[in-house]
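Here's a structure for you.
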Amino acid sequence: MIPDELRNFPEASQLEEQDPSVLAGGQFDRGELTLEVSRAKLEAACRWFRGRGYNLLSSITATDLHPIEPRFRVVYHLYAIAEHKPLRLAVRVGGADPRLESMIPVWPAANWYERELFDLFGIRFDGHPNLKRIMLPDDWEGHPLRKDYPTEGIR
Amino acid sequence: MDKVLFLIFAGIAVGAAANLLRSRHPIHSALSLIGVMGALAVLYLLLGAEFIAAVQVIVYAGAIMVLFVFTIMLLNAGAEVPTSGSMLARYLGIPLLALLLLQLVRLLLGQYPPDQASSFGTFVGPTEKIGRLLFTQYLLPFEVTSVLILVAVMGAVVLAGRKP
Amino acid sequence: MDLTILIISLAKIAVVLTVLFTCVAYVVWLERKVAGRIQNRWGPHRTGPFGLLQPAADFLKALFKEDFTPAQVQRPIYFLAPFLAMTLALMSIAVIPFGENVTIAGRTIFFEITDLNIGLLYIFAVTSLGVYGIALAGWSSGSKYSLMGGLRSSAQMISYELGLGFAVVGVLILSGTLSLRGIVNAQSGFWFGIIPKWYIWPQFVGFLVYLTAAFAETNRTPFDLPEAEGELVGGFHTEYSSLKFAMFFTAEYTNMITVACLATLLFFGGWMAPLPWAWVQHVPALVLLGMAALMTRTALRTYRLERRKSYFAVPGLAGIVGLIGLAFLHPVFAAVAAPMFWFASKVFVFLFLYIWVRWSVPRFRYDQLMHLGWKVLLPVAAANILITGLVVAL
Amino acid sequence: MASVSTPPPGAKTMVLNMGPQHPSTHGVLRLVLELDGETVVRCEPHIGYLHTGIEKTAEAKGWWQAITLTDRIDYLCPLTNNLCYVLAVEKLLGLEPPPRAQWLRVLLNELTRLNSHLVWLGTHAMDLGAFTVLLYAFREREDILNMFETVSGQRMMTSYFRVGGLALEPPLDFFGRVRKFISYFPSKIDDYEALLTKNRIWIGRTKGVGYISADDGIALGLTGPCLRAVGVDWDLRKTNPYSSYDKFDFKVPVRTEGDVYARYLVRMDEMRESTKIIAQALEGMPEGPVNADAPHIVLPERERMKTEMEALIYHFKIVTEGFRVPPGEVYQAVESPRGQSAYYVVSDGTTHPFRMYVRAPSFANLQALPKMVEGRLIADVVAVVGSIDIVLGEVDR
């Protein structure tokens, strides 16, 4: 279900028409369109947007909303190069076993971003060919960008 | 003076040749071989054959052995592991070698009696003479050799160019 | 053999080596100075007047640096390689004549260590061995970068050795001798009373091939692939330090001097004066006195501007140069030294060209280098031989 | 980092560790190359040697303190990163800086672009053996750094932009210096081009090397000059203008060859275009304040702070606890010299960023490296790394 204000955006309304269970919400705030995608339908949604011309994956990142569950909010920043249009897809992942499908088949650029998320947030990506730490040493313990990661004292 | 130099470089040649056989590492063996060739070149020089001496160094030491060393480096060959070898070689090797050397000495002495020492400086040395001989008397062998080399080169190119 | 000849030979070797080492040191200085000017900076200028003591400082630095031997090296060869490189580089200077033989008071002075009748072949023999120093250094260092540097250099030197050899055959056909002195003597005289009969004119193509191959043979930019610092860190000398590194360095610059000498001898008439007129004999004196005057001017200006303590070093230098210049006015001294002056000037021009090119162009890629060597230089050189042979035969 | 990849036993390849200490990896990049002779069979970049946790640090800083962190991300174009972050925060606040500040930001950003491209040009040329270009390029870069010093007091870590405007009005002789600089700079570009553009060796080393197709480039997230060199006309300054870039007249150089030479030409042309933008910015520089009229966000001038009670109170409040930013999230992208540089900033309504994510163009561009070098020679790796123009500080953050 999406808020009414988003019905004006063809991306949102068309996807909603096709499969009402894909979009879980969204907003248009400060000139940026955000669409919340339901966790189960992430890959389908990404493929759909890729087909709509959103060919450049600008970045994948996440926010840790720690005490709140589902804890992680993973965002995909897309651009449609032909139309110069940005778009943000967001998906919520629970903290117990944070897992998502890898988007490498849709956008090969997702490779390192997913490794980075795995490294710094501990979110696993199923189907990633090389899910290793990218920034930190391989024997590092913990995921520093989580809000419950200690920022002072001896780790 | 010449005799001293001859003895020095003959000694180097023999020593390097012995080292060539003794070394376990292919690079060391190759280097010893280069040493042998260098010493031989000096011996040619002492005989007054400057051209052959220079060609010896350029062709053998400078080109062929470089390729040897190149290949050894490329294959990154390690030291050889000594094998126990056959009993035959162990017990018969040195006697047979001695026999061979004796035979050689006998032959050489028969050919050139010791009172008839080969003199320095009468070798067919000068470049001009060699060039003249190559292009007059030995023209056919010379050309045949070049064709042979050409064939060999083409064969090498065909073999190397073949995709697996 | 006569003992005096032996002593004279040894003395000559000592003198020539001293001069050669000094030249190598100052070619390094020149390289840094010219590179500095090309890149709008000063180059060395702190040590002595015009930074002239920089080579000594460099040498001392190399001497006192820690001589580090990595653990993975193949020991005897690792130590042998720099000696090999330097010795072979120094050996080729033995047959290079620097000036005309002069007879003074019934004694002929030979301006070379030995006049070998196959001088040119000797040089090619020695330079063809030069590759061992580099190849073995690369292999024995036990580092992949060094190994690749060594391999590249072997391949490169074999390839360009051919081009180099082919390039000079034209000269050999024209001169009919392998002796370097003979080749120079064959170039005496002038066409139309003005154009010197140097082999650069009939053998221009050969000269271009020689020049290119010589760049490659001495591993200078744009052919400095064995040590391409952008790719292979330091190439074959990555793992060398201190004096062992300095030896490779010396070898490189000695080779540069050798090929420059050779180019002068083969294509530019060696020690022959470039113009036929009589006043040309005063040019050395003029040049040296002019240099002295320039130095004096610099010294005066420096003193006026900065009141530097070293202000007497530059005038001293100017005095020495001026005195040599004045000496040229004496006919006997001029007869001995003028050929050497011309020879040195021509070699200097080549060295300058080397440096100029190095700081102006990028580096070739390995396959492009091989392409150039085998598919361009070699056929061109072969065609040059063919044409020269035809022309001479007709 | 990951363990050294070893080829399967019996393979005829050699594994070469290029970096993290290597003259041509532009910092601490490590490339694990699998070589067959001199041909690269496989290339695997390993990064993270310069990871400093800037994103985590930012969460503990106030909104205005985080500006100094952004300099350190890409140390070759600090002002671009300053701008991107500041724009993001301004977007969250709904604040618009006055025109003079916007024009000065454009001017300084283009100077930064020149600065960054000059370093790229010098190091790229040096990697390919043309050493002199480096010193030529650094000569001009020195002038640019001096100009940065006149405005911000710092040569590299400028931190000159503030939320709502600039730190200070630039000193009076600044514009004169810029004017002088752009009067001679085009002839210097000609000098660099004279050394390289038509040089046969340079063309041989770069033309056809490191090719990538437009589709692959977009799929791998390539942006900036690398993307424009494959024929995609996409420059955020034109397509999604920010900070009044839409008021400037400039061309976006695009080439279609997709090789190292095309990237080289695109960047050279960009330098010329940047010079034009700077000239326009100087020409039409609006008068007025350099800070927005938002006393609870922008620090008051020293004079007012010392004479007015209200200004002093605001000053005290901003310095001690900072300012609050309404909750929300923004993704602000700018065109950095290397590509799309973007900041994703999330606010929870407090005085600290809740999350700051940096989309570093080098990070994405570096992903395309294996595609560009596999099957080519080791010497080409150097050329391609140079042409991507990575800054490891930005890759690792």
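We just call them A, B, C and D in the order they show up, numbering each chain from 1.
Assume contacts are C-beta pairs under 8 Å (C-beta built on N, C-alpha and C of every residue); 3 or more make two chains touch, one makes a residue touch a chain.
Everything quoted here is computed from the prediction, not taken from an experiment.
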item: Centroid comparison with subunit D (C-alpha atoms), farthest chain; value: B
item: For subunit A paired with subunit C, centre-to-centre distance based on mean C-alpha positions, whole Å; value: 65
item: Subunit A-subunit D separation of Cα centroids, rounded to whole Å; value: 25
item: Inter-chain centre distance, subunit C versus subunit D - centres from mean C-alpha coordinates, in Å; value: 46
item: Between subunit B and subunit A, distance of the C-alpha-averaged centres to the nearest whole Å; value: 72
item: Touch-based graph of the chains, sorted into line, ring, star, complete or other; value: line
item: Pairs of chains found to touch, sorted by chain label; value: A-D, B-C, C-D
item: Touching residues on subunit C, where the partner in the complex is subunit D; value: 35, 38-41, 144-145, 148, 221-222, 224-225, 228-231, 233, 359-368
item: Residue numbers on subunit C that touch subunit B, as the complex places them; value: 1, 74, 77, 116-118, 121-122, 124-126, 128-129, 131-132, 135-136, 138-139, 147, 150-151, 154-155, 157-158, 161, 178
item: Contact set on subunit D toward subunit A in their complex; value: 1-3, 47-48, 51, 53, 55-56, 60, 91-92, 94, 218-221, 223, 232, 234, 239-240, 328-331, 333, 340, 342, 344, 346, 354-355, 357, 359, 363-364, 366-367, 396-397
item: Subunit D to subunit C touching residues, read off their complex; value: 14, 16, 22-24, 38, 125-132, 135-136, 139, 195-196, 199, 201-202, 204-205, 377-382
item: List of subunit B residues in touch with subunit C within their complex; value: 1-2, 27-28, 31, 34, 41, 50-51, 54-55, 57-58, 61-63, 66-67, 69-70, 73-74, 76, 126-127
